[in-house]
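Heads up: the structure comes next, in structure tokens.
Each chain carries a letter (A, B, C and D) given by its place in the written order, and its residues are counted from 1.
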Amino acid sequence: MSSDNTINRIALITSGGDAPGMNAAIRAVVLAAENYGIEVIGFRHGYEGVLNNDFVRLDREDVEHIMQYSGTIIKSARSERFKSDEGGREAATNLDAHQIDAFIVIGGDGSFRGADHLAKFWNGPIIGVPGTIDNDLYGTDHTIGYDTAVETAMDALDKIRDTAEAMDRVFIVEVMGRNAGYIGISSAMACGAERMILPELQKDKPLTVEALVKHIESVQRVRGDSSYVMVLCENQWPGGAVRLAEQLEDRLNLPCRPCLLGHVQRGGRPTAMDRILATRLGVHAVELVRQNQTGVMAGVSANELSATPLSETWTKRKKLSEELINIQQSLFNPIKKNRQKSTQTDD
Amino acid sequence: MSSDNTINRIALITSGGDAPGMNAAIRAVVLAAENYGIEVIGFRHGYEGVLNNDFVRLDREDVEHIMQYSGTIIKSARSERFKSDEGGREAATNLDAHQIDAFIVIGGDGSFRGADHLAKFWNGPIIGVPGTIDNDLYGTDHTIGYDTAVETAMDALDKIRDTAEAMDRVFIVEVMGRNAGYIGISSAMACGAERMILPELQKDKPLTVEALVKHIESVQRVRGDSSYVMVLCENQWPGGAVRLAEQLEDRLNLPCRPCLLGHVQRGGRPTAMDRILATRLGVHAVELVRQNQTGVMAGVSANELSATPLSETWTKRKKLSEELINIQQSLFNPIKKNRQKSTQTDD
Amino acid sequence: MSSDNTINRIALITSGGDAPGMNAAIRAVVLAAENYGIEVIGFRHGYEGVLNNDFVRLDREDVEHIMQYSGTIIKSARSERFKSDEGGREAATNLDAHQIDAFIVIGGDGSFRGADHLAKFWNGPIIGVPGTIDNDLYGTDHTIGYDTAVETAMDALDKIRDTAEAMDRVFIVEVMGRNAGYIGISSAMACGAERMILPELQKDKPLTVEALVKHIESVQRVRGDSSYVMVLCENQWPGGAVRLAEQLEDRLNLPCRPCLLGHVQRGGRPTAMDRILATRLGVHAVELVRQNQTGVMAGVSANELSATPLSETWTKRKKLSEELINIQQSLFNPIKKNRQKSTQTDD
Amino acid sequence: MSSDNTINRIALITSGGDAPGMNAAIRAVVLAAENYGIEVIGFRHGYEGVLNNDFVRLDREDVEHIMQYSGTIIKSARSERFKSDEGGREAATNLDAHQIDAFIVIGGDGSFRGADHLAKFWNGPIIGVPGTIDNDLYGTDHTIGYDTAVETAMDALDKIRDTAEAMDRVFIVEVMGRNAGYIGISSAMACGAERMILPELQKDKPLTVEALVKHIESVQRVRGDSSYVMVLCENQWPGGAVRLAEQLEDRLNLPCRPCLLGHVQRGGRPTAMDRILATRLGVHAVELVRQNQTGVMAGVSANELSATPLSETWTKRKKLSEELINIQQSLFNPIKKNRQKSTQTDD
């Protein structure tokens, strides 16, 4: 970087799984940088692009109207090669060759570990911007892409409910979030799912087919014939929603149908909330660069802009809201009603 | 029914898998009937409701603003019991007990077979209205719900493309249509899918993993790194999209991800096209009743209202458009270009 | 064009008001042309681009994934300059300079009149592709963009109904279609609007404020308190929806609220139906070129591909469906019910 | 209310302009109350229903699957009658006659003033739940319905941008918020609008047609031909978007088109964020009742549940975020770039 700490050129990457709103963050970085007369270079395909010198100059006209699209105009990727010391050194060399004064990475915890790795070999300021649908980064209340992913899961659950209501059936919808139940609990609450299976809850007391069958039967008994919709986070059941549906259908005398949303949750027009968050954090990242901060993630905590050491984002644990778990699991449990009238049912 | 062929009361059911737009058809039947001073009785849960005398009087105020919702306000079901002679006789008895003059059933081929069965035991006019997302009924260009289902599949494919483009991956999206490839080919064409696996094409010359791997590799070679999206109709691959993704990932050196839309395709706000079609066919069904027609399905063929004997709707075969297959499979095949330049590649 | 009638290079423009699906048509032309080894040159901003030699070579990679976006990648415009003889001659000169063998224009009647004008000065084959949300071209059952525009109008009407129901109010939604009521009648039918004001109906017997007040009051009397939603085509009321709302509010003792959708109707993700139609017509246009046809519009009539002389597309009149008008205006009129019970009310 | 402070029966109303998510709040109140064995009575049409004894018992089955719909199942209204002392006294009498122990009102500042009025005549606990798209209530970071309204405005702006880009034109989109620019600034930021006209900014230094013309011309000069989209809050320009478009078109040599969203912004499927917020606040309101709190609004401030004296919600002023205004107005202003290069342009 330039000897006098002046920032003339920022390198920018999107890394790891893409998230809706990454383009809005790219735009914000470029527009804010331009405002201060700073150039932005985008390396394509994340750290791979830094290693391959695969880059593009990003100007206002390149980013003007990209906010409404998912994906990332500079593409994303995971890079094994970069994780080695040799990879880190090569990346640093390339950044210096391009006279890069600061490095901004938009991504999740894997991408931030990468930033940490880069810092061993390169000494310019490095800023992280939280872009992941999983919302599992400590140091920010929301990550870019999370709100859109919840909206997408909710949309599927609403549609499932339409047909579930018409036909009185059991449905299992598998959503993303193998390590964190944010998408799971939010979409379950937004759609009034009768049951949710989240990593946080599975850890302590994993559900069995028997317990699920019992709950379904209780709900049906309390309500009369009715629809039953379950939200299952990925990796929380061997064989996923497809297998669980088979197991339940074997035990119940009514059809059980799986739905596996998969990467549909990464696409779609970003919500206003994600675009605004991405805009704020992209601008914030440029401001942090200008303040000569390094090794931190730009975040929003309790509505205020924040900066959290990168390593804390994955070592500290953001907890699922107990308030929401309590509402969804105890307060609104459809068979609660029954339990109050007679205490025979145990769930 | 009344001895003088006057229609005073119509019975209405929705039967089989529900389809978006069924509510619009119910509304149209009720409003058109009311216009002629005819009462409408809705039996709930399809033929089950006829057997169980589970019914509701349907008036204008019940149906005024239900068009925007999927599902069916009189619920749907499949009935095993009704298929027996005893079931048919009981249904007929119940219809007579309610002084029903005509019977309208909204559903697919299974529901129309049921209507045929009913006709053995009951001699009032019976009219079918094609309500199924599969679009596989002979005698109508489109069935109610098909356009919405295609739109839903397209929405998922668009979202998958967003992330596929960002990450350069292979995706397999499993859509409905175990016997007919309408949703498959239309959603594939609407999204520019690189490959589609349809029942009609599988019949003659089933695809192998090897052929698929070869095609994927050719496409990637021609295009450079790129996204590859495949539309798979249900029941066309052992283990479905989940298994096929595993098989492809074993053979290719890049991630393959499945998506299983399932019953999401039955829900969602009906499209304008489905609502208008449902409205036209609901009105048409009432007009056919008033013309003392029976045993026919109300349809739209080449933009004109039509009436097709119920049995033809499942014995005659509506063919997938060869024009569309040709465009999607030959004309737009991404590796075609290469083939023209050199003839070495065989696909 | 080349002396031996071989087509080596096609010029393509999008002209007049843009319509969702134009990009899908561009893609289809390019992919189909490429399949036959034909180059495609896109002139930007319609006829303006031909006059300004503002063009771009269009290859597979340029059009691969543009179908999901509205607008047009080669932009559209109206051109006054081109309408003169001098303009026509200049355009012809430019086309020859680029060794253009055929000319395809995607647009509405104004664009086709332009094609007719061009034909006086240039003698290569000229093919029209119907791209306009208004659906008012003779020779094709649907135009590209129409289905999406109806969907957009329907979406607004559905949302208005939500709040209308909650608050019992009168709403007027102004939609596009100053000369043709297609968007008007289809969106009105899809949403069960209580009233529609279409150019076709206004021509014979224009509505007065008095007639509207009388109808609203009758509906409210018959139904008890209730929502009332009116679809107004643009240019059918002096001052539009804003003025009409004021006039009605002056006469009724309840709030009347206007909504003016405007160009929102030209945007949004094209529906599957529009993408498929655009794909078929783009391919069809290339096939017509290869058959040495000229001066015709590629269309779809009663599901079959058709070719209609360009001049007929605006001289002959495509009629609004009387079936739909009858359903919406007479059969489903909410106050009809009352009329049947007593014949005192005249509407 | 019962002498021993036990809560057995809660009265619930939705009041004032309806907002998406009100149904989710109704559901939450009913489910949380049921969990504690408390009955809920819904009065229909807001305070009008209390005066008219127009009510309905609300049970789990009434609210189970209403979250996905806008509007309010117990309808809303404004009531002039209730504002008098006589009205207040009558309402209190009716609440006592129904043995109501607590009163929950979902609405905006007008509804909370009503609650304050009621408190003069009735001494049970009264809790407000913030339901208004305007987001202008002090004491909660977000109001129920706001996020959905922003999403709806964004959707329209995205569509306008599609066509604006295709045709290079000026568009003015009028959104709700006559006293508060929340919807205005959020939708403007989410869509990258070139200009926004908000009540907060108009107050100090109202914009003139001349200033707008100058800005538009500067943007067009800097960018070359391009689209220009303006967000106008209602009531901030005499004659609204329609008149402003005429005025600009008179002065510029390019088309200017208005769009007036109106009550479309009150409808539509509530977003996940609104449903979750409504659920949390509905539950919170019941908890506040059980804690014998009164005269407060349930809110969420910096992610935490809060309770704010009702009178503060309209006397204290929630300020628009200066961070957002600064980003949108200064940092991202398209002509900023030019200004930096030469200082001649003043905006």
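Quick notes
Operating definition for what follows: contacts are C-beta pairs under 8 Å (C-beta built on N, C-alpha and C of every residue); 3 or more make two chains touch, one makes a residue touch a chain.
Here the structure is a predicted model, which means the values were calculated and not measured.
Each step here moves to a touching chain, and the least such steps from chain A to chain C number 2. Ranked by separation of Cα centres from chain B, the top chain is D. Of the chain pairs B-C, A-B or A-D, the one whose interface repeats that of C-D, sharing more than half of its contact pairs by residue number, is A-B. Centre-to-centre separation of chain A and chain B, using mean CA positions: 34 Å.
Each chain gets a centre from the mean of its Cα atoms; for chain B and chain C, those two points are 28 Å apart. Of all residues in chain A, those touching 2 or more other chains are 158, 161, 165, listed in ascending order. If you check each pair of chains against the touch rule, the ones that pass are A-B, A-D, B-C, C-D.
Residues of chain B that touch chain A in their complex: 14, 17-18, 20, 22, 69-72, 75-77, 152, 155-156, 158-168, 171, 240-242, 257-268. For chain B in complex with chain C, the residues that touch the partner chain are 27-28, 31-32, 34-35, 37, 60-61, 64-65, 67-68, 141, 147, 150-151, 154, 158, 161, 165, 186-187, 189-192, 223, 269, 271-273, 275-276, 279-280, 283, 302-303, 305, 323-324, 327, 331-332, 334, 336-337, 340.
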